[in-house]
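In what follows, structures are represented as structure tokens.
Look for subunit A in each of the two complexes below; its partner is subunit B in the first and subunit C in the second.
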Partner chain A sequence: MSVGKRFPVGARVRIRRAFPPGHVRAPWYLRGLTGEVCHVVGEFRNPEELAYGRNDGAKLTLYRVRFRQTDIWPDYAGPAHDTLEVEIYGNWMEPAEEKAA
Partner chain B sequence: MSGARDHSHDHGHGHAPHPFQPDIEDAPLTHHQLLALAVGELLVDKGVFTGYDLRRQIEDMDSRSPASGAKLVARAWTDAAFKDRLLQDTNKAAAELGIDAGTIPIMTVENMPDTHNVIVCTLCSCYPRLLLGLPPDWYKSRAYRSRMVREPRAVLAEFGTAIPGDVAVKVHDSTAELRYLVLPMRPTGSDGMDEAALAGLVTRDCMIGVAVPDAPDH
Partner chain C sequence: MLAAPPSLSHTRRMSVDKEAHMRRHHDMGGLEAGPVERREHDYAPWEKRVDAIMRLLSDPKRRILRVDELRRGIEALGPGAYDELSYYERWIASIADNLIEKGVITIDELGRRMAEIEARHEAERAKGRAE
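Entry: the complex of A and B
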């Protein structure tokens, strides 16, 4: 089974603001922040389960999400066109409201 | 000992023994080192693989080097169709050159006149080992991992790499299933060079993105 592809390239998404223990691959510094899907990578087994020897065959969709550095760090020292791209599993993403640029 | 007479000590050292260089075993094993040793021994004892297999695999990983990545870059610089295939599927393109890039998918990101790419893994130290060899210690350091996402331009400047403000810096945090390779821009002044000479311009740091290739007359 698979959770499917919920987010197309270009979708605005927010990384869930959650802090569970365990082998979590969503970096802390991006939680609660909004970015844009730039690449649907494919389906992979969930590392949060695999790390503890659990593997029931379920897969998650993995995305690459792009953030503006100035959205991550309010005092970012570089120009506004600097970005950061990161791989995020679908279970860590929720749709974000479209906000005016 | 008559030798003492012709060995005066006005050059500033005495006969006290030098401190010994500690042996590897003098530092305690970490939890994970111990775990790796124990699991390796168990797998050999259970016949999953042999001591030869284990040694051979470690030797193979240790023999990997940035020369493989440099070959891919040099081919991409001289063959536009190959570059497209490299950007499409790096592992498959590497196989064309007889390079085993492994089963973990590698994504090549291309530097452009308006974009500079750099790789970091904030969560651990993910790295395209099969194309670049073992990562340098600084790549695994907390300072690099935390600062490269926070102030990439300052860190690049410390590596001697100044990226102009009109060029966007794109940081790739390699946190999950992919590994990343930076395809640098071909330096000016390299027009007449053949593929092997071009590969000589491509260093490990250029493919991590903390540097750009020097012009050939540098």
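Entry: the complex of A and C
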């Protein structure tokens, strides 16, 4: 697997809506949602491959992505500005189309 | 219990409901889970031993088992075992499965050794009661 496209801090990204079996490292409740890159953590080997004893040396970029809690949970009772930050690998992300607000 | 389905954003709910069966058991973010247990506790000697086994298997000299493989084995335990086993019980169950897969140990050898140790413990306990 290639390292893939690098997203800068501030980029709007969408977590791919995909449901493959296996050792998936993207939380189920975030798939299909859009957030913002708030930190580039670094490059690491792919845990989805390492989990099966495979290691081709290729590295993926790990990002910290910030989501609005109200985007995730419709009945979220906390303040509207509350956010959730999740570390997620770049292979699960795609550039988000900016919505015409 | 973790039976309640997570409540997801209204814009996604229709498709997510269809995809709910594709959520794997361990992937439980957003589910009802009760209060967090905050009490400190000491580790039993066997728990420290499980930790030591994992460290030895994964150290740079041996590299027999990676932490990612340990985690995969834990997530593969299934909902019942995942909820009922304690932290280090999950570790040793995954370590055993992984070592069988890799051919480091065989089921036959592990089963016999477990029975042997259980018998030894029983004998020691009986001896303790007699004294």
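Rule of thumb we're sticking to: the second predicted complex is superposed on the first by the 95 of 101 C-alpha atoms of A that agree within 3 Å, B and C clash if a C-alpha of one lies under 4 Å from a C-alpha of the other, contacts with A are read in each partner's own complex, and residues count from 1 in each chain.
In this text, contacts are C-beta pairs under 8 Å (C-beta built on N, C-alpha and C of every residue); 3 or more make two chains touch, one makes a residue touch a chain.
Everything numeric here is computed off the predicted structure, so don't read it as measured data.
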item: Contacts of A:Phe19 with subunit B and subunit C, given as first, second, both or neither; value: second
item: Partner chain in contact with A:Glu87 - subunit B first, subunit C second, else both or neither; value: first
item: First (subunit B), second (subunit C), both or neither touched by A:Pro47; value: both
item: Subunit B versus subunit C as contact partner of A:Gly78, first or second or both or neither; value: first
item: Touching partner for A:Leu62 - first (subunit B), second (subunit C), both, neither; value: first
item: First (subunit B), second (subunit C), both or neither touched by A:Tyr29; value: both
item: Contact residues common to both interfaces of subunit A (with subunit B and with subunit C); value: 27, 29, 47, 72-73
item: For the subunit A and subunit C complex, residues of the former touching the latter; value: 17, 19, 23-24, 27-29, 31-33, 47, 50-53, 71-75
item: Parts of subunit C lying in touch with subunit A, wherever the complex brings them together; value: 6-10, 12-13, 15-16, 19, 22-24, 27, 29-30, 66, 68-69, 71-72, 75, 102
item: Sites on subunit A touched by subunit B in the complex; value: 25-27, 29, 41-42, 44, 47, 62, 69, 72-73, 77-79, 81-89
item: Subunit A-facing residues of subunit B, complex; value: 122-123, 149-154, 165-166, 168-178
